[in-house]
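Across the two complexes that follow, chain A remains constant while its partner is chain B and subsequently chain C.
Let's look at the complex of A and B:
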């Protein structure tokens, strides 16, 4: 049940799943991701080390799938605010992602709510995305909160 | 069956334990590398001074999902590669490039249940010298037990 707020937006988006992908997780994507954040765990940076440890291929760090979460999602037509920023992110890994996996994403609008503090009112737009691999296994749930302010 | 040996066991941690602060810094080159992965090539507000100023920022910032990846890295460096069961972050301020980012982790709860040996951690990222708080959040880690080793 969505939170009731004072500003209008497109409520018809609730209950609608938006599909995106496929996204191929390559060794190159994992390596660049790992390098850019200073990752040095062998299973994240070295395919041979991951194979030696019993994995099917180089392992993706736990939050890598958030890279693919920025698919085209509809405008909720919120009648409030002008400035937007990324207010929060939640990742719940469900299964190991390795190079060669093909992910698909299914996203829905989870909630829109407002908070008012010293700096004024902010609206939080929360999208929830479930990632599955090529076997249909859920590999991660991701929530993204976009904040809109006056 | 994978054979990666854990770095940390459930029995090694206790409520109130603190890790860090771990001091990180993100270079311009790291952000450019990261942005190349998610369809946001330079120049943009994450990589370019003029683009950042155009949208009202003091300078280029670290993307939220990259900041999350840094937090995840610190957690897996400490606890082991596949221990993160949940990571939930609230971004309180724009994270700048080339500035010290002090990350603190404190264990706020531990429990053993059907899902595993769970360790809840409170997370902060700040720059005390600049009086900046960049994020708060929680992580849930699932640690192996020495009993099962």
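Let's look at the complex of A and C:
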């Protein structure tokens, strides 16, 4: 149930699943991502190490899903604020993601609420996304909170 | 698929146990590398002139880049169990700038490691190591025993 707030936005987005993808998880994407965030666990950076550890291929750090979640969500047309930033993130891995997987994302608007603190009012826009692989297995549940400021 | 088991000595499993902290310096290079990997081209992460007009006053690192310190700390503490089964819930509270040294710390806050539940919850945070400002606060949770069978919920 969405929170009641004083600002207009597109309520018709509730209850609608927004599909995006397919996103191909390549060895390159995993390597570049792992290097950029400083993940040096061998299963993330070395395919042979991942195979030796019993995985089907190079393993993706669970937060890699966030790469595909960003920029794929509809505009909620919130009549408030100008600037957005990333306010919070939840990542719940459900199954291992390895190179060669093809992911699809299903997102829905969970809630929009406001909070007023010392620096003024902020609106929080919360999206929930479920990622599945090519076998239909859920690999991760991701929740993203985007903050909009006055 | 076989779940890999990488044994880690002395995993923090008791309430109060500290996690091994991780320190890293945020650089323009690391921000640019993350930008290239993620395709996140918000000018707040590279355009000095634009960033100067925002409340941040300058270019800042992506939140997910600062969150990587938590992930690395959890991997050091729990080995391969973390990337495969751990979950994270955080708030981004402060911004990190190029040249900032960040430090992640954590402590076991709740432990059902010994009973049938087998879950450990840690309070985690990332701070600016020089000023002490909090950049990230949140919790990280992971099962302490291998899951039996495929995890699938929908």
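Quick note on the criterion: the second predicted complex is superposed on the first by the 149 of 150 C-alpha atoms of A that agree within 3 Å, B and C clash if a C-alpha of one lies under 4 Å from a C-alpha of the other, contacts with A are read in each partner's own complex, and residues count from 1 in each chain.
By our rule, a contact is a pair of C-beta atoms (placed from the backbone, for glycine too) under 8 Å apart; a residue touches a chain by one contact, two chains touch by 3 or more.
All values reported here derive from a predicted model rather than from experimental measurement.
For the composite obtained by overlaying on chain A, chain B and chain C cannot both be accommodated without a clash. Of the two partner chains placed around the shared chain by superposition, chain B and chain C are both touched by A:62. Contacts of A:95 after superposition on the shared chain: chain C is touched, whereas chain B is not.
Of the two partner chains placed by superposition, chain B and chain C are both touched by A:53. Of the two partner chains placed by the overlay, neither chain B nor chain C lies in contact with A:118. By the document's definition of touching, neither partner reaches A:82: not chain B, not chain C.
In the three-chain superposition model, chain A touches both chain B and chain C at residues 29, 32-33, 35-39, 41, 43-44, 53-55, 59, 61-63, 66-67, 70, 83, 85-93, 96, 145.
Per the touch definition, chain A reaches chain B in the complex via residues 29, 32-33, 35-39, 41, 43-44, 53-55, 59, 61-64, 66-70, 83, 85-93, 96, 143, 145. Those residues of chain A that touch chain C in the shared complex are 29, 32-33, 35-41, 43-44, 53-56, 59, 61-63, 66-67, 70-71, 83, 85-96, 130, 137-138, 145, 149.
Of all residues in chain C, only 1-4, 6, 24, 30, 33-34, 36-40, 44, 54-55, 62-65, 67-69, 71-72, 75, 80, 83-92, 150-154 touch chain A in the complex they form. Chain contact summary for the complex, chain B toward chain A: residues 1-4, 24, 30-31, 33-34, 36-39, 56, 63-66, 68-70, 72-73, 76-77, 81-82, 84-91, 94.
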